[in-house]
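Structures given as C-alpha cells follow.
Here chain A shows up in two complexes: once beside chain B, once beside chain C.
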Partner chain A sequence: MARELMLVRTEDLLLNPTNRVPIALCLDASGSMAGAPMDELNQGVRVFFDALQADPIAKASAEVALVTFADRAETAVDFQGLERISQPPVMTSTGGLTSLGEGVNLALDLLETRKDEYQNAGVDYFQPWLVLMTDAQPTDISNAQQAGQRACDMEGQGKLVVINIGIGTSADMNTLAMFSKKHKPFSLQGLKFRECFQWLSKSVIRVSQSRPGEKMDWDYKGIKGWGTLD
Partner chain B sequence: MTQTTKADRVLEALKTHKILGDTCFFMDRGFTRFLSDYAEVLGCNPILIPKKVIQELKRIEKLGDHRLPAAQGALASIHAAVSDGMAEVRGEASDDHTVADNVISRVVEQHIVQHNIVVLTNDRKLRDWIYAKKRSGCFSTKNSLLVIRFGPQRGTPHVWAPADGSGGGAPPVRSAHPRPRPSHIIKRPNVPQPFARSKSIASNLDTPLHAKDDVEKAGVVYLSGRRPVRLVKKLASGGEGAVYETDQGAFLCKVYHSNRLTIGAQQKIELMTTRTVANSAICWPLEPVVDGHGVFRGFLMPRASGEPLGHGLFIPTVWRAKRPDWTRRESVQLAVRVLEQIDYLHRMRVLVGDINPMNILVRDERTVFFVDCDSFQVEGFPCPVGSPNFVAPEIQGVDFGRTLRTEEHELFAAATLLFMIMMPGKCPYSHQGGGDGAANICKMHFPYPLGEKGSTGAPEGAWRFCWSHLTRPLKEAFHRSFHKDFEGQPRIAIVTWLHLFREYARILNKDSEVFVGPRPQYGFDLSILPQNFRYIQGKGRPLPTGGETDLQRSVRRMSTATSGRRKQPTSIHGTMPAATKPSTTLGQAARRAPKGGVSVAGRYYAAGQYLPPASAAQPAQSQSNISGASLPSGAGLQTQPPPQSTIHTWLTSLSAADWYANPVVWALVAPFKALLEVLGITAIGGIIGAVILGAAGLIMGAFFGSAQQFMFGGLTWGGMIGGGLGALGGFGAAGGSISKVDDRIYSAGGFGAAAGAVAIALIAGSAWWGFLGAWLGLTGGLLAWRIATGEQKAAEYMTTWWTS
Partner chain C sequence: MGNAGLILQTPSWRAAAASVIGTQHEHAGGRCEDAWHVTRRFVPRVQQEVVAACVCDGAGSASQGWLGASLVSKLVSSWLVENFVTILELSKEDSSREIVAAAKRPLRRLARKSRLILREFACTVVAAAAAQDGRWVAVHVGDGGIVANFQEGLEAICLPKKGEFANETFFITDNDAATKIDIQASSTADGPRLASGFVLFTDGVESSLVNRRTMAIAPALATIFGWFVGTSNEEVSNAIEENLRGVFREKTGDDCTLAVLARMPR
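Here is the complex of A and B:
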C-alpha cells in the first residue's frame, strides 16, 4: 500500500473519535455487467457515498472499502475516512470471469486488517458490513464456498452483517445464499441500484447514530419498495 | 493593610513556623489556590495534618449533606498535597477519641516550647483558644504562635489577629458553627421551588390516552382557555413525536405521536409546568397543549438554537475546520456552562437522565441549550431513555422506563460528558483492544494513567496528548469517576467539577501558561487536538528543538507496524515519553531548588499541575494515608525531614530521564540491557550457534591441535571466534525489530559488536580480546545510536522492555 495512504488511514484513527461502521462493498464487475448495469451501479455507489457524506455523523463514522471482481478481485478503495474521498472511482467491467470467492475473501481480508487497526488504535467500532452484489454464477466455486463459510462463521459470531444481493434474474441465488445463514439473499429487480444504495445509506446512518452495543432493528421492511425477499 | 503585606506576612509565617491544619481550612475553596501559591515554601515545610481531619472529612463525605462537595474537594487537594510532599498526615491511636480541634490544641501545647507554630483554621473558637493560651502565659516560651485563615470576603489567606484587637483589628464576624459553606455554593442563581423527592415510580405511566383528532393535519392545538396555537412548520420528527414551529414566535410545540400518548406523559408535563424556569438554557415545557376535544397532545416550549454537541465538538476534525477560533479555553468554558445548567436542574431536584451529546445544543461556548426536557426525571416520573455510553456500569441494561435514576447515576453521565468535551468526542472507556461501548463500561477499564498509577491501552494519538494537557486535579477527578478502583464510591459532585473546571479556566487564561501550534512548547496546548504530550519545564524530557511532533511519531509508528506484530495493546508506559512518567515529587523538587531562586515547583503549582510522585519513598504516603489505613504514628513534630539516607534521597529524586541522560551511565548500563534483551529473544539462535561453533571447534581441534590452542591460539582462531560474535551481532540486528523504542538500536549495537570483535581479534590475535572488542563495539554502537536519537529516546529505551 502506498505509504501516503497508509499515513492518511492511520491519522484518521488517531484524530477522529467517532465509533466506526466499516462497510465493504464487494461488487461484480464481470463482463455481464458491462453497459447499462455498470453505469447504474456506478451511479448507485455515487448515491451511497453522497448520502453518507451529507450526514455529519455518518460522514465521520462510516468507512467504505470497494472491492470489484471479474477475472481477478481488485481493491478500488481501501478503508479510510469518507471525507478523504470526494467521489468514488468509476468502475468498468474488466473481464469475462466472475471471481466472486476471491472478491469476498479480499473484502473480508480488508475488513480484518481494518479491525486490527481499530483495535490497535483504540477506536470503537460497530459490526462491520459486507455488501455483496453479483449478477451471475461465480467461476471460482471452491473459493466461493470457502469464502461463504468464512462469512457465515463471522456472521454467526456477531462479527459481520452480510447483505447479499442478486442482480436481475440471472444471479445464482443458491450461491449467494452460502454467504449468510441469517437471511436469504435479496433480489434486485430491474436496475434499481440507486434505491438500493439509498436504503443502504439510510441503514448506515441509523447505525452510526446508535451506540455501540445497542441492538439495531433491521429495517428490512424498507427493502420492499425496490426488491423482494426471495 | 494591603494585599501584598498580608501575603508577605503569610509567607513569612509559613517559612518560619511549623504548620498545623484544621478541617475547616481545607474545606475552604481557597485551599487549592493556597497550595499553588505557597507550593515552594510548603515543599520545604509541609503542612502537618492530623489524621483526625481526614476522618472528619470522610465522615462528612459519608453524610452527604451540603458540605459534601467541599469535603470531597478538600480530600482531593490533601491527597495531591501529600503525594507532592507539601503536607504530611500525622496521628496516633489516642486521636481517635477526640476531635481535630483538640488534637491541634494538644500538639500546640506539647511543642510550642521548641517551635514557632502557625495553625491554619477558619474556626473562631480554635483561634480564641490559641490566643487565650498565649496571653495567659501558659506557655513559658518566646516562640511565636499564629493563626492563618481565609478572609471571608476575598477568600485570600491572612494572619488572623486576636479578637481583642491586639496586633490588628479583628476581621468581620462570621459564625464558626455551622462551618462556613464555600461561597461558590451560595452564589448561584435562584431556582424555582424544588420538586419533591420521590423514591417510588409513578403509577399508570403507560396507560394510553385515546386521541381521535389528527392535530398535525388540522394544524392547530389549544392552550388552556382554548387559545389556539397554529402549527406552522414541522421541524423534526422522532420516535416520540414531532416538533413544530408555531405562530407564537419564540415558542415551539412538541406534539406526541397519538400511539405514544399516555397518562404518564400528561401528568409529567402537567407537573413540570407548575414551575416557571427562568433559565433560557433549559427548554423547559411551558404549557401543555390539547386538541379540539380537550385531550392532552403535547406542550409548548422555548426555541433553542445551535448545533448538537454530537454534530459539533464531538467530531473534532470537522469542528476544527468549522470553528478555527475554538480552543481549549472555549471547551472549558463550555464545560462550565453545561455544568451550571446541570447544577441548576439538580437544585430543582430534576435529573437530566439521558445526558447525551444530541440533547445539548451549542451556539457558542457561553450559550448552550438543553433540549428534550420532557425526558428529564421529575419526582416519580423516570427518564425513560438512556444512551449506553453515558449509563453508569451499575445500571447498564436496565429498563429506564421502570427505573428511577439516582444522582450518582447522573454524576457518571455528567463525568462522561465532561470527559468527551475535553477529549473531544472520545469515550472514557475506549481503549486498545476494546469491545463496544457498553461492554467497555461494564469492564470499567479506564486506560489513562494518573501519575504513579500507570494504565494500559489508552487510545493512540491525540487522546493521550489531550489527557496530558489536563490538570492533575482534573485527571484525579476523572480517575475517581471511571477507574475500577473507585467502584461503588461516591462520584464527583457537580459543584466540585465546577470548581475544578473554573480553576482550569483560570490557568488557561494566563497567557504565560499556554501556547498554540504544532511545535511543542512548555505549558498547556490550547488546541483541542494537541499534537504533543505536555512538556514541563525542568521535568522529564526537554523540549525538542525540531523534528516530528508526537502525533507524527505515533502515525509513523502505527503505520509501519504490521497488524500481525501489534496484536497486543501496548502499555502506555511503553510509549509515553518520560515527561508523563512518574518522576520526582514536587516536594523533593522544591527541596532541590536553589534557595531564593525561582522555584520550578512554584511554577508548576501555579500551573495547577501536581506532579506525580514516583519515588520508592513516597507512595506510602499517597493513597493509604487518605484512607487512614497506614498512618505514621506519633504526633511529635520533627525538626528534621523524615530519616532517609542522603544517597537514598538522591537516588529517588532522580527520574529515569535524569539517570539515563548521562552518557557515561548510558554507556555502562545500556550494553547490559541490550545483551539481556537480545539474548532473551535470540536464545534459540544462540544455542544453535553454540552447537555449530562447538562442533566446528572439535573438528578443527582434532585436525589442528589441542583445546588449549583452540582457546588461546593464534590469529585464525581469534578471527573465527570474532566471526562467531559477529554472528551474534547479526542476531541482534535481526532482533532489532523487537525494540519498542527504535528499530535501529540493535542494528547499531549488533554491527558495532561484530566489527569490534573481528577488528580486535584480528589485531590482537586472540579470541579473548575478541570478546572485549565485541563489548567495546557494542558500547560504541549504542553510544552512536544515543547521539543520533537523543537522550529522551535513550531514557525511553532503558525504561521499556520488549515484553512490556
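Here is the complex of A and C:
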C-alpha cells in the first residue's frame, strides 16, 4: 500500500465530549453587599467567565452555575457550557436576610443533578467545585449547619472542592469554617474580587488540563494576591 | 519509546505500534510518558507462536512514570507470552495476582535501589496476547483500552477502569491492583471465541476510537487493519506514528500510543 494512502481521516475518528469541570458559585447578594462590594463582585464574576472563555480547553470543560442568596436562594445561572452564555447576569443586592444555608444547599443540589446528567450522558468530569462568598452571618443558622455538614461530607469523600471566602470585616469566619474540614476560610483583601476570580479561573484551567493520576495542588502563592488564610 | 525496528514478522500475527509525545508534554519540554512493547515466542505446549503487545501510560503524578511504563510494557508482554497457556487455565483471581506480582517484583527492586517509593513508577497496563489459532487473553489496569476484531466485527473488550473523576485512575503499582485488574480471554462456555485482531491504546487516543456511551468504534480502526496488506510491519508502525502525530494528537494534549496485532491469512 502506498504510504500516502495510509492515512486516517479526521472524520473517521469519534468525537467524545470533553471532560467537564462543574463549578457552583454561591454568592452573597444580601443588602449589606449593596454598592461597591456588589459592583466589584459583578466585575469579578465577569472576569471569571471571560478568562475561562479565553482558554480553549477550559471553554469546552468548565461549566458554571451561579446561585445568589439573600432573603431566598436563587439560581441566577444553571449549569451549562460556556459557549451558551456570553456574559453572566448582573447581580443586585436585595433583602435584609442572608440565607446562606439555603444557598449552599441549592448549589449542592445543582451540582448533584449535573453529575447525574454527566453520568447518564457518558461524560467524564472532574471533582466539582463550590465557591462560597459572604460578607455577613447567615440568618438561617440551622440550614447553614446542615449545609456545612453536607459540604464537609462530600469534601471528606473527595467529591467536592470547597473554596469559602469571607468578604470584609463582618464576615462570620466561624460559620464559613463549617464548610470545609480541609482548610480554613479565606479572607478577601478589601474588594479584590477581580484578583480572586482571576486566581480561580487559573485554577480551573489547570484542572481542565490535568491527566489521569495527576494531583492538583493549590496555588497558595497566588492566593496572596487577593486573600489571606486565617 | 518502542522497538519498531525489532518487530519480527511471522506467518500469522502481524504487529505494529508507535507512541508520540503529547503537545502538553512537548510544550513543557517534558518527555513522552507512554511506552509500548511487542514480543513473540514459540510456545511448545500449544505448538504455536504466541504474540503479545502491551501499552502503558506512565502516571503524570509519578516522577518515574515514564520508566515504569517502559519496564512494565516489557515485563507484562513477556509474562503473557511465557504464561499464555497457564493464564487460560487459571482462575481470573489467580491470574490477576500472578500478573500484578510479575510486574511489581522488578519495580520494587528498582524502587529500593533508587530509594524511591513504588508509586513513583506508577503506570497503567493495556495488554493482549494471542496464539496463531486465534485464542487470546487481554489484561487491563486503569485507563486506555482494547478493541478486538471478531468474526462479528470490532468490539471494545476493555474500556477505562477509573475512579469517579476524570483525573482519577488505577495503576499497576496500586496496593489493590489485583482487584482492579480486568482480564478477558477467548474461553467461553460455548468454546473459544477466536479473534483476528487487537488494537491497544492509551488514554490519549481512547476518546477518538470508542464512544463509551454507545460503544461505537471509530471507522478509522478498520482503515488501520487494512494497512497490513502488502506492507511491512515497520511501514505500518511508521504510518501509525505519522497519524498519531498528525491526526490523533490534534484532538488531545496527552501522549498517544497505539499498538495493533493483526492475524493475517498465510
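Throughout what follows, the second predicted complex is superposed on the first by the 212 of 230 C-alpha atoms of A that agree within 3 Å, B and C clash if a C-alpha of one lies under 4 Å from a C-alpha of the other, contacts with A are read in each partner's own complex, and residues count from 1 in each chain.
In the analysis below, a contact is a pair of C-beta atoms (placed from the backbone, for glycine too) under 8 Å apart; a residue touches a chain by one contact, two chains touch by 3 or more.
Note that the coordinates shown come from a computational prediction; the quantities given were computed from them, not determined experimentally.
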First, second, both or neither for A:49, with chain B first and chain C second: neither
Touched partner set for A:159, first chain B, second chain C, both or neither: second
Contacts of A:197 with chain B and chain C, given as first, second, both or neither: neither
Contacts of A:69 with chain B and chain C, given as first, second, both or neither: neither
Partner chain(s) touched by A:9 [first = chain B, second = chain C, both, neither]: both
Chain B and chain C contact sites that coincide on chain A, given as residue numbers: 3, 6-7, 9-10, 13-14, 16, 19, 57, 121-122, 124-126, 211-214
Chain C - residues contacting chain A, complex: 24, 57, 59-62, 65, 122, 124, 142-143, 162, 164-169, 171, 203, 207-213, 216, 218-220, 223-224, 226-227, 229-231, 235-236, 238-239, 242-243, 247-248, 250-251, 253-254
Chain A residues touching chain B - in the complex, by the definition given at the top: 3, 6-7, 9-11, 13-19, 56-57, 59-60, 83, 113, 116-117, 119-126, 211-214
Partner chain A, residues of chain B touching it in the complex: 310-311, 314-318, 387-389, 420, 423-427, 430-440, 447, 457-463, 529, 551, 554-556, 558-559, 561, 563, 566-567, 569
List of chain A residues in touch with chain C within their complex: 1, 3, 6-10, 12-14, 16, 19-20, 57, 121-122, 124-127, 159, 207, 209-216
